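Residue numbering begins at 1 within each chain, and the chains themselves are lettered A, B and C in the order written.
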Amino acid sequence: MTTQSTAPGRVLGTNPAALRTAFARRWGPWLLGLLIVGGAFALQSQIYVGQERTVSTIFMFVALAQAWNLIGGFAGYACFGQVVFFGLGGYTTAVLMAHTHVGFWVSLVVSALLATAFGALIGLPLLRLKGHYFAIATLGVAEGMREVVINVPSLTGGGAGITVPTVGNQATTAYLGNNGFYVLFLLIAAGSVAISGLVSRSKFGFALRAVNQDEDAAGAVGVNTTRTKVLTFALSGFVTGLVGATYAFQQVTIFPERLFDVNITVLMVIMVVIGGSGTVLGPVLGAVGLQFVSEYLRQHYTNVHIFLLGLIIIVGVVLLPQGVVPYVRDAVRTREFSLLANVRRYRL
Amino acid sequence: MSSFLQATLYGLLQGGLLALIAAGFSLVWGVMNIVNLAHGSFVILGAYVAWKLQSLTGVDPFLGMFASALALFVLGYLVQRYVINLVVNAPIFVTLLLTFGLDLLLVQGMNIVFSADYRSIQTSYASANFGAGGVRLPYGRLFAFLVAVAVTLVLVAVVNRTRVGLSITATGMDRGAARLMGIRARHVYALTFGIAAALAGMAGAMVGTVGTFQPADAARYTLLSFVIAVLGGLGNMYGAMAGGLVIGLVEAWGGQYLPGTWVNALAFLVLVLVLIFRPSGLVGKAYYAARVEV
Amino acid sequence: MQTNRTAVLGIGAALSLGLALSGCGAKVASSNAGSGSGGSAAVPDTLTVGASMSLTGKLAREGALTKEGYSACQDVVNAKGGIPVAGKKVKLNIQYQDDTSQPDTAAQLVDQFNDKGVKVILSSYGSASTEAQAAVVERNGQLMLDSAGADNKIFTKGYKRTFAVLSPATEYASSIIKAIGELAKPRPKTIAFLSADDGFSKTVTTGAVAEAKKEGFTVIPPEFFPNGASDVSSSLTKIRSQHPDVIIGSVHLVEGIAIVKQAKELGVTPSGGIGETVAPPTPDFAKTLGPLAEGVLGSSQWTPQVKGQDAYFGTAQDYANLIKSKFGHAPDYHDAEASAACLAIVLAAEKAGSTDVNKLRDAVAALDTQSFFGRIKFDASGQNIYKPMSVIQIQHGASVDVWPAADAAAKLVWPGTGK
């Protein structure tokens, strides 16, 4: 960030209009972001308690998608085992709260840090792999971790799940309720978007994009590719672990099958791809859009909702293969809004 | 000792079936760089075709598998030709998203049409066994294994010796150059996807004969195919066979000698280690490991 | 410039989606505000009950059977004009939502029902989902009738608003052990246990191992395999060398079928045969396995031989006929326990003379009645205390009741006793 702070004035001189534009470009997104967070707080007072839970699930996926976007979108390393950080964070919190009676807030921090460390640890060997091979290796780690959790029942409860104490004198932190989790998930989601925004505009972010486009060339011009990748992976693990820990407390009882569910990873990937990978806004749109659509379909077309969701995804992908944000960006620039032209561009 | 032999034998048979399940997945990935998340639902759909055929006309599933293959070939060809080909030039992972949508559609479609009842294709012989002493060989799994081996050999012959096969390989290596040589990439892609779907359909008929199936099982077969394809390595038609046999044996031996369900953790540990030390898989070609995306 | 405009466009889109979401939520809530039970003294025309079901996903098969049971109950009650509550006929209206077999979604759906003023809940399928739902029901002051969450763990948490019509997990396999101990001649010596590794199945196994030791059988320590596994060959190979007389499987349908199929493939032939929980009474079991299913023992929450009757379903045999004519298959205990859970709500509403959730809860807690499902009365933890487990055996392709002897429809066929 420091390298950028003086850039606009120097480049654009003293032209007031240009300065205004530069100012808007620099701070506009942050202001809009704040506006949306404020709007989300306002929304909270307008909806029912149970809807808060539905909306906080959306926030949760915004944060998860954003976390995946760091490693999968910016760095181009498609992690198919991202859920391992989610599960690790969730189980760390559950185990700490159930066995050692540590409070939730401490557990939350410990869980996130542990997920960060784990990301760095597995990142070192695995990030040498490329493309789908990296994807499958991380998938292996996540599936393997689930089996480990299942096989140490004395600690994790095994397949029977583990319950965070929330009532009586066993409870170390009072249950936050749907109100509390709404706020917490909202803050985590906002934080994840902020992290993504900071990374996107920083020198580090440019290094990441360089790695994504051509890793050898990035290395040749002086980017420490290993450090860049491992740091990103750890950061992505941090956010995911944070979400997992919060989720565990919200759910009270957690099960390994769900906490390490490959479908959660798949959802993260899909949300990012729909919105536009490697953009700050894309994962937000993808997560909000997909969660909203699937929730709406479930409530209104209960018997065929998954079928319809599949159909919508197929049509959406065919029409907007590059994701929403890149499409809009290109369309605005080229004044070419036709979806058919867009389809023509990507077909064989 | 007889437990060890039994576990080994069973692991090999199971591995052959797994190899057949993953063969098409590996082919599609190797040639088109598409990770087909709907592969598992193709397998289950194949099982339903063979099951329906048997319950309507009494056709044995080992003949019915050809009907499954044909039906799935047509479906696969059309899907690639008219849907997936539309996004082949799009950025990475778009095909993944597309096939995910397809998977949702197929799985709930089957759920609506066939219900979620557990089905099984019954034969008089599949569960019968022969053998001596402590070691038993069930006929159903043996036949399924032989089919898997035969299909792999045929696939290798087709890919390496026929015009169609060579154009598939050529398109997989360099689509642009292949088109300049007069290969119709659209058709070849659709053909490849059709063949892969046909293999999945055959595997489905076998799965339905030796075990049970319902629509929700699709996800498991997709995941297995993913693991096996990478473990074996891409760009070699024997890759899926190698990956399948290794997974089959590891699971059989691990299940025998490890307590609880640690065997599953072991299978994934093997996978991760193979990838770290031999990124192109057991018998795969380095070219496919180095290639990031088309 | 483009970046900025894109951001504005995108954020605009996000905001409008958010607005749409809140708008939609508010609309749903207002349109349903009148139909809920509410807290007012006036008895409404309909009693709305929320049911989160596993209509898709791993448990879709069991979820479909549970839904049959719930809808059979709604049809029967409404065919009689409704529930007589304080001199008024109240129609039953069950709303279904799909939880895709995920506990977190099942819990979220309970919250969503609460928003719509739906205070009475019929549980989803399976212990994991039910456990997640019970916590939310308790927080929201709702009432849940549990038709399929059997893990004893659910009832140790002091919940006051979840009531289960079914027998707890510990009874599932120990009833088979009791039946063998009582009826099998010659008496088997060693029993091997195979178990799925989910919480419910493990509780089942623990209960059964304790029972087997009490009965004086030699117990081979349990072998575990992943929940939902269709390949259990390793576990079978392991126990084969120990030559057990009986194999008891704590399983669900898939693993149950796999054990019987693969035991045959591997030549594992215990002299006393195989007994399994959950799987054998399900219609799919005999249909899928054909002749291999013959003689397999199973435990069942309900059979058509259960004694007792009620004003809605009549006797157990009447219920069996109802399911047969409605859905075209022999009744499954999953159907029956679902209908029984729904029936408990109906009978409680009659007793309470109100559809207010708190009065309903108290009426359910005080319920002591006969029904097609047997006698229903709940203890303080919410479990049905009079509920015995029946043991069935597959004979000539059909599941028949063989234990307890008083209810038996047929004699236990035991290898060695001759047919």
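Brief remarks follow.
By definition in this document, a contact is a pair of C-beta atoms (placed from the backbone, for glycine too) under 8 Å apart; a residue touches a chain by one contact, two chains touch by 3 or more.
Just so it is clear, the structure is predicted and the values come from calculations on it, not from any experiment.
Across B-C and A-C, the chain pair carrying more C-beta contacts is A-C. Relative to chain B, the most remote chain by averaged C-alpha coordinates is C. Chain A and chain B have Cα centroids separated by 31 Å. Centre to centre, using the average C-alpha position, chain A and chain C are separated by 36 Å. Annotation for chain C: residues touching 2 or more other chains are 56, 197, 226. Multi-chain contact residues of chain A, defined as those touching 2 or more other chains: 150, 303, 306. Of all residues in chain B, those touching 2 or more other chains are 107-108, 260-261, 264, listed in ascending order. The touching residues of chain A, counted against chain B in their complex, run 72, 76, 78, 125-126, 128-133, 135-137, 139-141, 143-144, 147-148, 150-151, 262-263, 266, 269-270, 273-274, 277, 303-304, 306-307, 309-314, 316-318, 321-323, 343, 345-348.
Listed in rising order, the residues of chain B touching chain C in the complex are 2-3, 6-7, 10, 14, 107-108, 111, 115-120, 122, 127-129, 131, 134, 136, 138, 140-141, 210-212, 214-217, 251-252, 254-256, 260-261, 263-264. Against chain A, in their complex, chain C makes its touches with residues 1-11, 13-15, 17-18, 20-22, 24-26, 28-29, 55-56, 96-98, 100, 102-104, 107-108, 110-115, 128, 131-132, 135, 139-140, 151, 153, 157-158, 196-203, 226-227. Of all residues in chain C, only 56-58, 60-61, 63-64, 101, 197, 224-226, 230-231, 233-235, 237-238, 240-241, 253-254, 257-258, 261, 264-267, 284, 288-290, 292 touch chain B in the complex they form.
Across the complex, chain A meets chain C through its residues 21, 24-25, 28-29, 32-33, 35-36, 39-40, 43, 46-51, 53-55, 57-58, 150, 157-161, 163, 166-167, 175, 177-178, 247, 251-253, 255, 257-258, 281, 284-285, 288-289, 292, 296, 298-299, 302-303, 305-306, 324-325, 328-329, 332-333.
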